[in-house]
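This report concerns only the one structure given below.
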Amino acid sequence: MSSMEFWGVEVKAGQPLKVEPKDFYMIHLSQAALGESSKKGNESVPLFLKFDEKKLVLGTLSPENIPQLSFDLVFEREFELSHNWKNGSVFFCGYQAAIPENDSDQEIKLNK
Amino acid sequence: MSSMEFWGVEVKAGQPLKVEPKDFYMIHLSQAALGESSKKGNESVPLFLKFDEKKLVLGTLSPENIPQLSFDLVFEREFELSHNWKNGSVFFCGYQAAIPENDSDQEIKLNK
Amino acid sequence: MSSMEFWGVEVKAGQPLKVEPKDFYMIHLSQAALGESSKKGNESVPLFLKFDEKKLVLGTLSPENIPQLSFDLVFEREFELSHNWKNGSVFFCGYQAAIPENDSDQEIKLNK
Amino acid sequence: MSSMEFWGVEVKAGQPLKVEPKDFYMIHLSQAALGESSKKGNESVPLFLKFDEKKLVLGTLSPENIPQLSFDLVFEREFELSHNWKNGSVFFCGYQAAIPENDSDQEIKLNK
Amino acid sequence: MSSMEFWGVEVKAGQPLKVEPKDFYMIHLSQAALGESSKKGNESVPLFLKFDEKKLVLGTLSPENIPQLSFDLVFEREFELSHNWKNGSVFFCGYQAAIPENDSDQEIKLNK
């Protein structure tokens, strides 16, 4: 089995999406992009993250000027993505990667 | 043989391109750039990805304001890239990298 | 225990936040994003870092044009983040990663 | 000898530059930046890459709006960079890195 | 001792700064940001790098539109940063990382 796999989700307006990484995997969140929309406007679309009871703003998109955004974030357990863009979906992608087994690996080395 | 190699493709308007990574390699998609065009406009060019029956928007380019876009995405199996830009091609590049053989590697260490 | 974990903080205007990485962990600072605000303006919001008695500018955000910013920075000991945006908070995120034990690791190899 | 070294070149208008990585090294192309120019304009400066007989557009710069551009590309063998900007040079930089000897490394482990 | 450490410098107008990485460390240059300034203008601020007798343009900042810039560059020996912005300093940051001892590491493995 491969240790890195593409990961992508569509998040609809007003429908927060809970994401739970697979066992022994973490999710690397690489980007967010506004989906297609029939209306072009200059509205601000803040992207929200809920993690460990904290709510953070990940960034703000805008159909005309900032249709996408890069991240370099990792999640080792459940997180929630949401937005309130009335005119379409926001697509989040990245990849899932096997968590390196540093600790056990190291113990083995130390015990040799 | 080298374990990382440049990878690049030209995707023409209305001609979705299926990409299949070589055996034991994954493709790291690093960027997309609009090709040359005789007409300069402000049109929006959404870039589409099809993976595992899901269709996602990777981002939106625009000849005057956003002629290129960075990604940090990996694909371990077939994916499809497409766009509908009437005035030219979109070039996607990145690199292919040998999949690290973590699992077997680890077993060997454990069995030593 | 996982070796990489999401990390995020909210920094309020005029309230510098001291951050101290956990033992044997460093913090990778990946981004800053302006929070939501009822007023939209074009004001400049410089972001300040204090580290080892030095004060640096990390970048300048602006609600309309530059609502977020990417970093690729690591902190192995205490640092302080601050800003003076009157209209809201700035959210900083990234991840904490276990410090690779290169030195000891290497000694063990050499002593084998 | 260090395994990573800074790498940078100046590419003049109409003078395509062939680049050949050193033996056992690959070049990581990190960025392109327009040089200084006495004239400021809004012209488009497409950057071209030739690799394996394919010609690709790497991106498009513009003195006023997009004076530089980031890449995350690797080249394990000869490539050619070019542009047609009348008003100055384009500077490409990145670093050269020793190719990890995964294959032989792995064989040794497997044969132990 | 940690193998990665924050690194940051202030470069003043007309005062080129020579930087020499510590022994067995390389400097990863991650970003440049214009400092605070009482005057807001649209002037261009080219950033210069001198390395091995070559002078390169790293990018061009502008207080209103492009107040910061990301890099992914490494320096294994002395380099010089400079700019001519009349209205303030430019802050460069990144991190220093221990040079991985690949060669010796590998020899040991081969000799086992």
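Which chain is which? They are A, B, C, D and E, in the order written, and residues in each are numbered from 1.
Just so it is clear, a residue touches a chain if its C-beta (ideal position, glycine included) is under 8 Å from a C-beta of that chain, and two chains touch if they have at least 3 such contacts.
These are the chains along with the protein names UniProt gives them: A, B, C, D, E = 32 kDa HEAT SHOCK PROTEIN-RELATED.
What you see is a predicted model, and the numbers here were worked out from it, not measured in a lab.
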item	value
Subunit A to subunit E, fewest steps along touching chains	2
Neighbouring chains shared between subunit B and subunit D, ordered by label	none
Rotation angle (°) superposing Cα atoms of subunit B on subunit C, nearest 5	145
Fraction-based call for subunit C against subunit A, same above half, different below	different
Where subunit C and subunit D are represented by their mean Cα positions, the distance between them in whole Å	30
Centre-of-Cα separation between subunit E and subunit C, whole angstrom	18
Subunit E: positions in contact with at least two other chains	65, 70, 72, 100
Pairwise touch network: line, ring, star, complete, or other	ring
Going round from subunit C, first to subunit E: chain order	C, E, D, B, A
Touching residues (chain side subunit B, partner subunit D) in the complex	1-6, 8, 10, 28, 30-31, 33-36, 40, 65, 67-68, 70, 72, 89, 91, 93-95, 98, 100-101, 105, 108, 112
Residues of subunit A defined as touching subunit C within the complex	26, 44, 46, 49, 51, 54, 56-60, 65-66, 69-76, 79, 99-100, 102-103, 106, 109-110, 112
